[in-house]
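In the two complexes below, subunit A is the common chain; its partner is subunit B in one and subunit C in the other.
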Partner chain A sequence: GLLVTKCGLLRHRPGGGGAYWVDSQQKRYVPVKGDHVIGIVTAKAGDVFRLDVGGSEPASLSYLAFEGATKRNRPNVQVGDLIYGQFVVANKDMEPEMVCIDSSGRSSGMGIIGQDGFLFKVSLGLIRKLLAPKCEIIQELSQLYPFELVLGMNGRIWVKAKTVQQTLIIVNILEACEYMTAEQRKQALAKLSGN
Partner chain B sequence: GVLERSREQLLRQTCEAVLLGVLHPRTAISLVLQVLSDAGSLLSCCLNAACMALLDAGLPLAALFCGVTCALQPDGTILLDPTARQEQEARAILTFAIASSNRKVLMATTKGSCSVEEMQQCLAAAQRAASTIFQFYRDSVRRRYSKC
Partner chain C sequence: RQPLSSCVAGERLCSTEEATAGSGTYTRHGFIFSSLAGCLERKNEDNELPVVSVVRDSESQLLPNVGAVVTCKVCSINSRFAKVHILYVGSTPLKSTFRGTIRKEDIRATEKDKVEVYKSFRPSDIVLAKVISLGDVQSNYLLSTAENELGVVVARSEAGVQMVPISWCEMQCPRTHTKEFRKVARVQPQFLQT
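Entry: the complex of A and B
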């Protein structure tokens, strides 16, 4: 038999064999293999970094899992740095493991996230909405100010704009997007670009 | 005190019966309930709040559960969801935790004394009332997901 274990909207994808899934909202992240997440370095234990990814266990990241890293050429990672990587091992029985290179050895955007900027947490549903192709929120925000954005599937977003004030404005809008309808968001952005 | 401890144990046993713990080994799930005001039927209120919190957090559950309190008055009538005043005057207070899958009883606790037939009648009334509470859960969740 089939048992539904979470509440949410039932979605259907007609392509291929067809798939049904339950789209649920939650704030707590559970590591999944292949997810790209933002982790915070909490400790350096010999050859391995411990990262806090928001799950129940810290993830491990080997120092060789960066592009161009060798035993002599170690990456410059300090405690408290932000890392954008993906999970290679993530199941309920083992400690999650991350890497910052893809299967061909290139970094493809992963690695240590630069200085400054602002990291904050939102619900997992909002991240999935922002990562959907042609997301209106991102397009509308980019009309406002130029900014850098990193989205982690664990609910963490890192934003950096030219000034601290612009960064904080973008942070507030992204946090409020969770509860605002499209109309309210367009009104808020119109007010801001008018100023 | 002892009363709070017993309430904690009852809540814990009910939650453990529906939570799919196999999906989260070596993990602690802690549930914190803060009583803002108590107007009677506190235990079933806690049960309902606990179920909604588990739903909202996205924890995998095998079934939903709800709490219903029945007060048996001295003349034999059954009162559902008694107020604090009605609880004091009643001959017996019975609280049931009812699962949503088949309206089976997950937890039953009694304060006072009643006969077996009276308990069966209270149970039947509680199972009927459970449908109303589950409908409330459904409406709340629908309202929450309508904003997405």
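Entry: the complex of A and C
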């Protein structure tokens, strides 16, 4: 039989063979193959970069795993840069490995995240909510200010708006969305767009 | 045999004209030196020179030689190799475990490029392997499982139950019926105990 190993809300999807999963307010990320995450470069070791992804071990990223990278044309990655990539190897026995290209060799939005902007951490449940199609929070925020947003499945969000003040406002709203109801959020946004 | 006397490592015992070097000794510049700290033994042979050997604890340490089949336990895996602890040499247990390495290209004899270490071994598997090199001072024994009779013999599934082999590359858990990939050893039927 199926046993629950985590506390939270039990969800069920009846279609296509059925699936059960548990929604929880977990903040600790466990690398999973195929997940897109934001990593911070901590070291360069030969042909490989070490990235902190918030898991138990640093992930490795080969310098050839970028679009258009060859042995002569190395990507310009420094320690402290932010990288958006996906896991190709992620299990409990080995160190996770990441790449910034998909199976056909194109970057499809992955790679080094640009300068400026703000990186912060939220719970994994909020990330999944924001990644759902037609998420209300994102739609409402986009009517407030234009901004760039990168969501990592490891609980990390990167935001960049035109000014520092706008960036910080968006950061504060996203952080507060964990605990606000839809009504409270609409009120807060109405107050901000009124100002 | 002569009465036992003790010696230390590096002690010069005699010249190679008086005796031949046995276990626990080595020859340099025409003399026999001891390489262990222990008891000196001299065995008199009738036709040849006596054999001089140094013995510790009255039991000689069994070292794996090149070509010996060893039983080891996987302690960690990597995308390039697996690190193991060597527990038995043949059928004799070792008092202290040695460390070995099984490189990715030595896991299988065929299709060496398509091998994935994660689909051949997992930590805490018991593996039969053959020693292919003794290694240097710093490196471990180099082992290989590139034969049908070598590979994983005992493995636990993710549920913690001992798995049953179903082919040379798969094992199945009897409780959850999930299949996991391993490089399974084809053990001769006379060695299996039921």
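Keep in mind that, in the parts below, the second predicted complex is superposed on the first by the 193 of 195 C-alpha atoms of A that agree within 3 Å, B and C clash if a C-alpha of one lies under 4 Å from a C-alpha of the other, contacts with A are read in each partner's own complex, and residues count from 1 in each chain.
Please note the rule applied: contacts are C-beta pairs under 8 Å (C-beta built on N, C-alpha and C of every residue); 3 or more make two chains touch, one makes a residue touch a chain.
Please read all numbers here as calculations on a predicted model, not as lab measurements.
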Partner chain(s) touched by A:Leu10 [first = subunit B, second = subunit C, both, neither]: neither
Which of subunit B and subunit C A:Ala45 touches, first, second, both or neither: neither
Greater residue coverage of subunit A in the superposed arrangement, subunit B or subunit C: B
Partner chain(s) touched by A:Asp93 [first = subunit B, second = subunit C, both, neither]: both
First (subunit B), second (subunit C), both or neither touched by A:Leu2: neither
Subunit B and subunit C footprints on subunit A, overlapping residues: 93
Sites on subunit B touched by subunit A in the complex: 20, 23-27, 55-62, 141, 144-145, 147-148
Contact set on subunit C toward subunit A in their complex: 76-79, 117-118, 122-123
Footprint of subunit B on subunit A - complex, ascending: 3, 5-9, 24-28, 56, 92-93, 125, 129, 179, 181
Of all residues in subunit A, those that touch subunit C in their complex: 89, 91, 93-95, 97
